[in-house]
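Per-chain numbering from 1; labels A, B, C and D assigned in written order.
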Amino acid sequence: MNQLLDPILVAVLLLNFVALGASQLRTVIHALALQGVLLGVTVVLAHSTVTVGVILMAVAAIALKGVVIPRMLFHAIREVVIRREVEPIIGFISSLLLGGVGTALAILFSKTLPIAHEHIGSLVVPASLSTVLTGFLILTTRAKAITQVVGYLVLENGIFIFGLLLVEAMPFLVELGVLLDLFVAIFIMGIIIHRISQEFSTVSTRKLSALKE
Amino acid sequence: MNHVIVHIVLLLGLPPLLLGVIGKTKALFAGRVGPPVLQWYYDLAKLLQKGSVFSTTTTWVFRAGPVVGLVTALLAGMLVPLGSHGAPVSFSGDLILFAYLFGLGRFFTASAALDTGSAFEGMGAAREVTFSCLAEPALFFGFLVLAKLSGSLSLTTMLNGPFPSGWGVAGASLVLVAASLFIVVLVENSRIPFDDPNTHLELTMIHEVMVLDHSGPAFGMILYGAAVKLFVMGALLLHIVAPFQSGNAWADWGLFVAGMLALAVLIGVVESVMARFRLVFVPTFLVAACLLSAFGIVLLLR
Amino acid sequence: MAWLLIVVPLLTAAAAAAVPSSRWRPWLVPLGGLAHLVLVGCALAGAPVSAFSGWLSLDPLGKLVLMFVSVLFFLCALYAPGYLALRADRPNRVFCACLLAMLAMMTLVILSHHLGLMWVGMEATTLATAPLLFFNHNPRSLEATWKYLLIGSVGIALALLGSFFLAYSSLHEGLESTLLFDDLVKLAPQLSRPWLHAAFVLLLVGYGTKMGLAPMHTWKPDAYGEAPGLVGALLAGGVTSCAFLAILRFYQICRAANETAFAREIMIFVGLLSMAVAAVFMVRQRDFKRMLAYSSVEHMGILVLGIGIGGLATFGALLHLLTNGVTKGVLFLSAGNIHRAYGSKLTDDVRGAIRRLPVSGSLFLAGFLAITGSPPGGPFISEFTILNGAIGEGKFVVAGLFLLLLAIVFVGMGATVLRVVQGTPSPQAAATTFQDRPQVVVPILVFLGLVLLLGVYLPPPLESMLREAAAFLEGGR
Amino acid sequence: MSEWLVILGIAGHALSGVPGLFFKRDGDAGQKLAVVLALMGSVLGIAGALGSLRQPPIAGWVIKMDGLSVIFLLPIFLVPALGSIYGLGYWKQAEHPHNGQRLRLFYGLATAALAGITIAANSILFLVVWEIMALSAFFLITTEDEDPAVREVGWVYLVTTHTATLFLFALFAVMRSVTGSFALTALPDTAVVPGAATAIFLLAVIGFGFKAGIMPLHMWLPGAHAMAPSHVSALMSGVLIKIGIYGLVRIGSLLPHPPVWWGGLLLAAGTISGVLGVVFALGQHDLKRLLAYHSIENIGIIVMGLGLAMVGRSLGRADYVVLGLAGALLHVWNHGLFKSLLFLSAGAVIHATHTREMDHLGGLARAMPRTALCFAAGAVAICGLPPLNGFVSELLIYLGLFRSLGIGGGTAWAGAAFAAPALALIGALAVACFVKAFGTVFLGAARSEHARHAHEAASNMTGPMLALVGCCLFIGLAPLLVAPVLEQGVHAWAPELAADGPALATLAPLGWVSVAGLVLIGLFVLGSVGLAERVRACGAAPAGTWDCGYAAPGPTMQYTSSSFAQMLVGFFAWVLRPRVLAPGEQPLFSGATRFRSHVPELVLDGVLRPSFRFGAKITSSFRFLQAGSIHAYLVYIVVFLILLLLWR
């Protein structure tokens, strides 16, 4: 495991908290973009031998997670003329606290799992799990559809981090397939958010509760 | 063979006499001279000569009622032994036929009453069938006791078998059964204290109110049938309370007739000394009768 | 061969996207379905299906599901042109293309023995079906699509994490980490238990979301309620089967790793929970399409329950996969017709369907009776087999709960269905000019035929397929 | 050979309704064709059934035909055939264009399925035909589904029958877990873990009890019988509910060496159904509901006989087995005959007056003499009175019960003896109830316009009824002729008796029954002739009813069915819970007032509906979980995930 990996993961964790704490939608998306770039870098670091494939992979990740998707999100915001604030269902402080608790729990849980000797002490597992939890937190505590997309992306990032542990197992093609799926998913979500804003003149999913018992 | 003939003769001939005896007894208690003992024979003969009146609402059921009532009573009479003599018709299980024959009679007499469309007769029919619903189980509990004692399911052996020895082994049960059967006999034959054959308050009558509309020969058949029914059930009871036998067959016939007359007198006495119960008490007594005979079988089985 | 199975539908999809005439385009769907059916026929006949150094291959389990999905799709495809002709107001380019793409992706999931690849395919089906749900382009369908997409994606993401855990559980033991299904089964005994357990749970929850197991089923009533009946049938019969297949693969790994007990008790729990939740929501259900969705939840529960019971019930569960699928075909399509005829799917407005639509109404009733396990419907045999399995395994409490829940479901579902079909047609019946036409009725009749066939007689080849699949599944060790 | 005749017969019935689907809705050609097919089917079927008595039982993997099957096959082929003839007049296709075809289709299907059940040799086939029968019955009950009341009773029936089916699923699953196959074969003694045997028995009692209508599982029965067309009621009450008895008998035959409490349980259940059934019947004022409750009563009597037979089997008392089972099986026939006779007569009344309300009828005996005669015959038979068939079967059961005192040697089980007075009570109550029914409907004066304009039913309706009367009379007068068939049934149930079991004729005075019956009829004829002669001789004058001097007795003054039963209903008010809507305090010279009394269905209205409402309330209290908030949905996923992660 590369020494540089852990510091970057720490940064990723911090970015989780930014995403949780920020009140401006732009800030959140910026944090997300930065997280994406960092993850792209980690790909390179995770591999013991850097090959063309790895570089390609990293570039793809950075391009998608760091540039394309954030742009799409900004576009969506711009297109959908709406207030730029995040609409938290619970306050920022409490979401931060929950995030902290979540991270702690994630670390504890990762302690219960046996780690392979070469990964002993590395932050990968805790970081990925806590990022996953952060993603869930954003998904469940933010009203705006866009913010939920952000949450989903954070979730994906968490999983992506875990992927670093088994770069050997994960063939290049599948990695690309995963990224492609992610891209398409976000694309369709973007379309739907656009529709939502047209139909309901808001992107708050609070309005999206007509279908119920 | 002779005994069969005697049986039939008695069955056909004796019943009105019982009614006469009952009437005479009551008259004596009342300090009256009363009608002659054979009065009922005259009445029946008279009724057979009389013209009849049929309500325009009635149908064949109205005419079938009296016939079935009489026929079933007579047929039942062929199943019970008189005195120490076996019944002409006797087979294992005839006791059930015995009970159900009366059921058939009840069905048609009650239907005949309803056929007139009269409120009173409807009332009478309702009471008749209602009370017999309670009398029936009492009768069958009694049968259970007798069957258990005699180990047989035929009236003849049941009634001639265990007595008087039965009194030795199971006196208590027999007393209970006798008591309950006595109640049943009184109710089924509409005697005081449960019913009053010759009251004039239709509202209080059970059996008599059913036949208000019958007249002439049909009415005669009804009266005769009722008498036969009393005779048959009385014979049943007599076996339990007075199982006396002399060695001689013909003497036994005498004993039997005497016994029946004594029973008539007893009924007469009861009717004279007791007042008629209010209608609402009749069910109570019948339930009591059921319990008595049920207790009788329990005593046997313990 | 394997490539063909996937590529042919994709090409047809592309063609559908290209064809200009929206009158003729729908006919490409049955065409693609037929082609796929023929290919599957060859594959079953023994043509070697393997590509990508074993990443794609066809095992007995895959054979069963593939055959079923292909038949189901073809019959639904036969229904499509008639349906789309009725909905001429709506553009159908995306619809047709996505239908075929969905078929391709389902095939990919079924064939792939590489867990990552399978994941990609599964997520792709989610994405391919989203536009189908949005076919009606009204706020309700929009909401349904959004929920389906988000919940589905989140769930599937968990499945990916689960796959990673699985891979890591092998890596951890110093073995070379792999996501190849066959290798994992071989290595199973040495896998690290904690990672394996966590992985199984994550995968069950993840693919369970796609399958619609409670409590991850929440998207289902909305999606099935708003989507065209045709799409509902495909989701309830096809996509869910693929997700179930995925779960089965991991169950198989658990068996190979001697973790059967753990996997089974969790599956029994989830299965009963799903049945219970479905039962609760089916009682007094006023929307008959949502009711069908809950019925689907219930039957997914039954599938998982059957696997959890094991023994004879495994066979029953696999059979139930087929019987439930075809019966759902009857129900969703006839419900779609009734919906068309009344312009409403609420029991307040829909009465006397048998008088209004003699064929569709009767079919809806028949489908209800079959799905609730009345002989001689197919589900009767499968559910009865599962019950026999449960009692044979000595799981009397499970058997009792199973029957109790079936009874509750029957009461809940029956009240709604009878209100729809019986009586004199309500005024809304005159709302539309829709009538039973051959093109929208014949496919349903074929489905019903299959239901009854499976009920009274199991064709020997099919039976042997089922037995092989069950053996393959139970023969993990 | 003979089994193929039976299968042909089944096919005939199954297809009888099909051609009609292709004929005009307002023509009766399809109906005539259906009747012909049904008749052919019945002739073939009965021929096959009787023929199979001459050959050893057929025991294949699919079909199994022995004495029991034959005993149940005969009424199954007889009653529906008569019913479909009756339908020609009662349910003319021309008068019911939109449901006549459906009715006949399912009428045939139900008949065929019933016959199929009795010859099914494995549980899968059994369940399939069972459900076909149950569902066809549902469609028959809901023939007039435009009427909400009909939909209601249909729904109740559907729920009950499906519950029963689920119990049967469990039953056969347990059996399979013991025997290892789906074949309906006797459990090997060694294999029977007591638990499994008891489970099988109890599941059978409940599962089949629903169909048979044993109290308290009868809740579907009164409404369904009342609401269905009358020839359907005849089919259901006459043969369909007996199939529950068949299941009970069949399963009982597969369980060797039952513990004695099984028989005791059945005896108790039978007694309760018998007494309560007739008591509830007394409370009814709807003619068909009354008859329906009597079905429950008679099922009770049948179950008593079966219980006695089981006791006998546990104690090794062949005489209990023979008398009890033969009585039960014969009563299955008898009830099939006289109950369908009664329902058909009731149908004729309804067809003529368009009301089932007894208190609106009266005096029909003059307008419809043949129907009245048929109803009277049915009433006498169902009360178990000589000389008709009901008496014979009850006699057998009585003899068995009395013998349980230990008469005839051997061990006694006096517990059964106490059922005899109960049976007597049932009989007496039945007499009361049918005097009430016959009297209020056919006798006295008409109580309403409906009744005043009644007309005799067409001959294609009275014909089948008279045929049934003939059957009742035949069994009542010549029981010796049917005894051998019954014995075959008994031996199929208890094979150990086939070799050296006592003959029915030696245990029961069947010959005497015929003699008594003939004498009774002879005396009756004699008496009536005599009476008629006297009346003619002495002259008879018509007059109005003498109402104890009341000047103007009117029809409304007659005793109604409710007032007739008022005392008895009072005795049993503790179980009947009659609802009385009586006028309150009336002023002087009060105007018109109403008095109404009604006996609700105890189990359905008293227990089930409230509990179902409660259940629905509970379930709907969970609705908030699906409130449409996607956030909540995501939370479910997380929570559930964590829960499962903490599983181990």
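In the analysis below, a contact is a pair of C-beta atoms (placed from the backbone, for glycine too) under 8 Å apart; a residue touches a chain by one contact, two chains touch by 3 or more.
Treat the numbers as computed from the prediction; the structure is a model and nothing was measured.
Asker: Measuring centre to centre with C-alpha atoms, which chain is farthest from subunit B?
Answerer: Centre of mass proxy via C-alpha means gives A as farthest from subunit B.
Asker: When contacts are scored as defined above, which chain pair ends up with more C-beta pairs, A-C or B-D?
Answerer: Most C-beta pairs in contact, of the two: B-D.
Asker: Using mean CA coordinates as chain centres, what's the subunit A-subunit C distance in Å?
Answerer: Spacing between the chain centres: roughly 31 Å.
Asker: Measuring from the mean C-alpha position of subunit A to the mean C-alpha position of subunit B, what distance in angstrom results?
Answerer: 101
Asker: Roughly how many whole angstrom separate the Cα centroids of subunit B and subunit D?
Answerer: Comparing mean C-alpha positions, subunit D is 35 Å from subunit B.
Asker: Quick one: report the Å distance separating subunit B from subunit C, using the average Cα coordinate of each chain.
Answerer: 78
Asker: Show the residues in subunit C shared as contacts by 2 or more other chains, in ascending order.
Answerer: Expected reply: 146-147, 150, 154, 198, 221, 281.
Asker: Give the residues of subunit B touching no fewer than two other chains, as numbers and ranges.
Answerer: none
Asker: Please list all residues of subunit D that touch 2 or more other chains.
Answerer: 623, 626, 630, 634, 645
Asker: Going by the touch rule stated at the top, which chains touch which?
Answerer: A-C, A-D, B-D, C-D
Asker: Please output the residues of subunit B touching subunit D within their complex, sorted ascending.
Answerer: Counting only subunit B, the residues touching subunit D are 48-57, 59-61, 63-64, 66-68, 70-72, 74-75, 89, 91-94, 96-97, 99-101, 103-104, 106-107, 110-111, 114-120, 122-123, 125-127, 129-130, 132-137, 139-141, 143-144, 147-148, 151-153, 202, 212-213, 216-218, 221, 283, 290, 294, 297, 301.
Asker: Contact residues on subunit D for subunit C in the complex?
Answerer: Its residues touching subunit C are 124, 127-128, 130-132, 135, 142, 145-146, 148, 151, 154-155, 158-159, 162-163, 165-167, 169-170, 172-174, 176-177, 612, 615-616, 619-620, 622-623, 626, 630, 632-634, 636-637, 640-641, 644-645, 647-648.
Asker: Going by the contact rule set out above, which residues of subunit D touch subunit B in the complex?
Answerer: These residues of subunit D touch subunit B: 362-363, 365-366, 369, 372, 376, 379-380, 383-386, 391, 394-395, 398-399, 402-403, 405-407, 414, 417, 420-425, 427-429, 431-432, 434-436, 438-440, 443-445, 508-509, 512-513, 515-516, 519-520, 523-524, 527-528, 531-532, 534-535, 538-548, 553, 555, 557-559, 563-568, 571.
Asker: Subunit A touches which residues of subunit C in the complex?
Answerer: Subunit C reaches subunit A through residues 114, 116-117, 119-120, 123-124, 126-127, 130-131, 134, 139-140, 142-147, 149-150, 153-154, 157, 160-161, 164-165, 167-168, 171-172, 174, 176-179, 192, 194-195, 198, 221-222, 225-226, 281.
Asker: Report the residues of subunit C in contact with subunit D in the complex, numbered from low to high.
Answerer: It comes out as residues 146-147, 150-151, 154-155, 158, 197-198, 201-202, 204-205, 209, 215-216, 218-219, 221, 262, 266, 279-281, 283-284, 369, 372-376, 380-381, 383-384, 387-388, 390-392, 399-400, 403, 406-407, 410-412, 414-415, 418, 422-424, 455-456.
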